[in-house]
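Here chain A shows up in two complexes: once beside chain B, once beside chain C.
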Partner chain A sequence: MAENLLEIEKLKIIYKRREKRFLALDCVNLDLKEGEVLGVVGESGSGKSTLGLSIMRLLPPQARIKNGEIFFKGKNICKINEKKFNREMRGKEITYIPQNPQSSLNPVFKVGRQLKDIIKYRAQENFQGQDINKAAVEIMTKMGIADAEKRLDEYPHQFSGGMKQRVLLSMAFVTNPALLIADEPTTALDVTVEAQILGLLADLIKEYQSSIIYITHDLGVVSEIADRVAVFYAGRVIELNNRYNIFNNPKHPYTEALINCLPGDKQSEKLNVIPGEIPDLSDLPGGCNFHPRCKYAKERCRNEKPEFFELENGGRTACFYHEEVGRYQ
Partner chain B sequence: MNKYIYIKKKIKWVYERMIGDYRFYIAGVIIFLFFLMAIFGPQIAPHDPYKTDVRSRLEAPSLTHPAGTDSLGRDTLSRLIYAARPAFYVAFGGLFISIIVGMILGSIAAYSGGILDNIIIFLFDVIRAFPPIILILVLVAIVGPSLQSLIIILGVTIMPRYGRVVRAETLSVKEEEYVSVAKSMGASSFKIISFHIIPNIFASVLVLAGMDVASMIMWEAGLSFLGLGVQPPKTSWGVMLQSGYQYIEKAPMMLVAPAVAIMLTMMGFSLLTESLRNALNPKSEQKEG
Partner chain C sequence: MNIIEVRDLKKYFYKKSGVLHKVFGVGPQVIQAVSKVSFNIEKGNTMALVGESGCGKTTVARLILNLIEKEAGQIYFKGKALDEMSEEEYNDYRENAAFIAQDFRSSLNPRKLVGEILAEPFRIHPGVIDKEREEARIKKMVDLVGLNEEALLKFPHEFSGGQARRIGVARALMLNPEFIVCDEPTSGLDLSISAAIINLMKELKEEFDLTYLWISHNLNVVRYISDYVGVMYLGRIIEIGKTKEVFNDPSHPYSEALIESVPSFSKEKKKIKIKTLEGEVPSPIDPPPGCPFHPRCKYSQAKCKEVVPILENKGNNREVACHFPL
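Our next item is the complex of A and B:
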């Protein structure tokens, strides 16, 4: 087995606001191999974005890493000096694709200038002796931007949303990163553009061999792009498995409920919803976080926090009664 | 709509409304003359402003001396033209200093937050807490009166205005997504402030500066009149007023000429501000034009 590129161990992050404490991430264990795509799925407020930010070390000041460690290429990135991390890792080894391409480029400078800056300061060794301008045109053409030379000379507002996301993709891939964190990169785009960007991303993954953490709430997208899927609920990874098993053989009631929420084939059928709401992170229910909404919940779920159960098919789930999941299907 | 297109359209809209406003033209003519005098003063002045001629002192306006002469026989019009330059230096030099310092302090305060923010805000409040004239009197007493010290002192005194505007704007711009994306690409704080924040807030700073030009010119004249700014024999509108008021009966032009110059210049910049404000306000009536 290849050594893991990224290992997250027992990560616990707390947000403090006034006197309240919000448990954003609780005991998250994850690992990522080289060239692997990990889909991170969950509702809003389940801690997906916090996970991304903690790997980039860009957590807001009110967030605290309570405990746990993040290893990137065998090094504990929580312990690297901030300056060194900024120079050698952030934006170079670890890059980021934002959620909303519309507002992610500085409106007062030309796209070319912004892209060339990245090449100049972050990816010089990849283009040794090459003209920066040529390198910029090359990467933009690769991202499917036609007439790249001319478009470098344009301002962000002259680009459409999809085109902006392609520019941001070229900024993320030009440094040849080992790890790419994509935080809902296609949520703000319309469906046809989303499909194009996903197709492009799939090609790029093959070409650059980068590992990707793909954060989204869209199960459909995950089913297209991810090798493995981690399902988040209220700051915990409640199920982790490969794509096939997650979709065909979910072993956590929440995963199962999520999949049931996808629109079915029958048109007349009403959409399923999960009853209840995601719990308040400052006041989590005792025991299993999901028990108030779970149709399998028993007395034990109310009192005891489930640990991980290793599954036969290689995954993990955090449910006492995972063997029963699927019974109601 | 995209913010940038919005600003561009707004500028075009404001421009179209301004060219329909008579105040804009009056302001334009006056400001043009002021700049002409400030920049090409030595070339257009008919006489040497420092050349004394006791035989023709306190003369009334004539063809050789269109605005008469002063108590030492110097040509008033030439002195008036030469005096545009100190006014220009003080207005734009002082504004330049206050914009630069205010921008640096304001953006650092907003961007870093925490205790540094509190310290800088406290500094702004201390400067603003003094009545400006008292603060200026104290500072002049320390530094000594001259054109350079006047520029620096006025710059420092009005700097908090810019600092506060920049700080407020930075607080909103730093939450923009392109700033967090830049952070994720490893941009340093200096790069983020200089490349992402300052260029995006510069427009509002310029509007404020346009409104301050007139008051800076007034400050220069007032302080020079009190003997706290430009020192004679160097010429400035304030200095001319000061030497003119003793001869108000014998040679009224000595007093009237600089007073009119100050009034017209201030009116020019005020009209420009007025017409800009009118054009920026969507509710104001569209002038026929």
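Our next item is the complex of A and C:
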């Protein structure tokens, strides 16, 4: 069996704000194989972005890793010295595509300089002896930016949203990373541009064989791109399975409810709504985090936190009564 | 009966030229935000306008409500042109046409209590409801949109996105309007909350016999909620028809591409390759000659580069602006 590229064990992250403690991630176990695309879905505040930031070691100062470990290529990245991590991993082995392309490029430097910096300091060995300028043009052209040579000499404000995202994709892929974390990379884009970027990303995955953690709240996008899907709720992974099973045979009440919220073709049917609201992360309900909103909840769910149950089809779910899920359909 | 009729609506925005522009002899630039838009909304229907950002959807909404001045064209409310209305008739129109703004946070005054915000319509249109009944009406509406009475004594920032949206809906309903313009009512909301808002809007429509103009770029939502849909591109409506028919059998190449590019939540096992549209939306300052869509259109021919197609009736309530419809 191929060794996992990334392994996250019992990760628990707490944010402190105004004497309150918010449990952003709790007991997150995940693994990622080489060349795999893991879709991470969940509503806002479910801890998706915190996961991405923790792997990049870019958590804000008020966040603390309470316990748990993150292994990347067998090394515990929580224990590596910051200088070494910055030099050898961040932006090189592990790259990141942020949500908002507008604010992710420095507005006062030309796009070319920003891209060439990365080639110079993070990807020298990939382009040894090569002209940096040529390498930059090459990667930009590959990302579908026409007239790349001229565009290198332009400032970020001269690029449209979709084009900026292509520049960020160039920066993320130019180092030939082992792991790419994409945090809602297409949320700010129009549908036709989103489709272009997703198509491009699918080609790049094939070419570079990078593993990707794709964070999004859009179930449609996940079903287009992911191999496996992890569903987050209130800081926990509540279900993990391959894409087919997640969408066709969800085994957690939350996953099932989320899928039913999507507007379908039939206008006559009322949309499913999950009653209640996402729990306050500083004051989580006892037992299963989802029990106050769950239609399958029983006494046990109120008192006991469900551990992961291995499913026959290879997935995992954190629900005591997962066998009953789907009964109402 | 048509509750709203829009004829040849036009709106240009003028971008002032700066000092450098003057030095180099560049005059003010004209942005053609909306050009020649026409459509009708029948009473009791939901008409949706879809398109990518910058296509003029929101501008059309603001023009219909007369929040910005139009360049040319006519808007009729129940057969009467807005320009020709007496003050009394115009006031009546403002009472009957409500607006749910896109940015639900900034559309609620942060320094007012929700109770005050909801009473504001009565201050602007006095006499619609007796003073004594105001409070009862506010309470009824708050209850109807799924908030409790305590909400009236809170400030807007104390609410979550979904709740703030509900306050916006309650305010729109306050004067018992016939027609509501909903500008992206579900954008920025989580899936479950968005579904709840859609259900609410649907229930309210039944209960108060409302007519909606629904502006959205979320095609899944539009497909679910609307009866008619107009697809906009670069300030023009390029296809309009019954939602079901347009989605199942689009006639304009752009509608086809737009519908295809929605990431579909498919239950198939295989990863599907997404069909994509090349290029990006051109600038409305300098739209391409001929059909505005021709540079991105895979079916374009010589005629498309020269002649602007006009919106023509293709029968069965469908209008398409394309020389070679699919």
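The working rule: the second predicted complex is superposed on the first by the 326 of 329 C-alpha atoms of A that agree within 3 Å, B and C clash if a C-alpha of one lies under 4 Å from a C-alpha of the other, contacts with A are read in each partner's own complex, and residues count from 1 in each chain.
Methods note: a contact is a pair of C-beta atoms (placed from the backbone, for glycine too) under 8 Å apart; a residue touches a chain by one contact, two chains touch by 3 or more.
Here the structure is a predicted model, which is why all the values come from computation and not from measurement.
Undergrad: After the overlay on chain A, what do you see for chain B versus chain C, clash or fit?
TA: Aligned on chain A, chain C fits beside chain B.
Undergrad: Between chain B (first) and chain C (second), which does A:Glu194 come into contact with in this model arrangement: first, second, both, or neither?
TA: In the superposition, A:Glu194 touches chain C alone.
Undergrad: Just to be sure I read the superposition right, which of the two partners does A:Ile274 touch: chain B = first, chain C = second, or both, or neither?
TA: In the superposed model, A:Ile274 contacts chain C only, not chain B.
Undergrad: Tell me the contact category for A:Asn313 with respect to chain B and chain C: first, second, both or neither.
TA: Neither partner.
Undergrad: Just checking: does A:Asn67 make contact with chain B only, chain C only, both, or neither of them? Give me first, second, both or neither.
TA: A:Asn67 sits against neither chain B nor chain C.
Undergrad: Which touches a greater number of chain A residues, chain B or chain C?
TA: C
Undergrad: Under the stated touch criterion, which partner chain does A:Leu219 make contact with: chain B (first), chain C (second), both, or neither?
TA: In the superposition, A:Leu219 contacts chain C only.
Undergrad: For A:Arg90, is the partner it touches chain B (first), chain C (second), both, or none of the two (neither)?
TA: The first partner, chain B, only.
Undergrad: Angle at the Cα centre of chain A spanned by the Cα centres of chain C and chain B: state it in steps of 10 degrees.
TA: Result: 80 degrees at the vertex chain A.
Undergrad: With both complexes placed on chain A, how many Å separate the closest C-alpha atoms of chain B and chain C?
TA: Minimum over all C-alpha pairs of chain B and chain C: 5 Å.
Undergrad: If we count contacts the way the header does, which residues on chain C are in touch with chain A in the complex?
TA: 52-53, 160, 162, 190-192, 194-196, 198-199, 202, 217, 219-221, 223-225, 257-258, 260-267, 269, 271-278, 280-281
Undergrad: Enumerate the contact residues on chain A facing chain B in the complex.
TA: 56, 58, 61, 86-87, 89-92, 95-96, 98-100, 102-109, 118, 121-122, 155-157, 168, 171
Undergrad: Quick check on the complex: what are the chain A residues that touch chain C?
TA: Touching chain C: residues 43-44, 160, 162-163, 190-196, 198-199, 202, 217-221, 223-225, 244, 247-248, 257-259, 261-265, 267, 270-274, 277-278 of chain A.
Undergrad: Taking the complex as given, what residues does chain B use to touch chain A?
TA: Interface residues on the chain B side: 2-5, 113, 176-178, 180-188, 195-196, 199-200.
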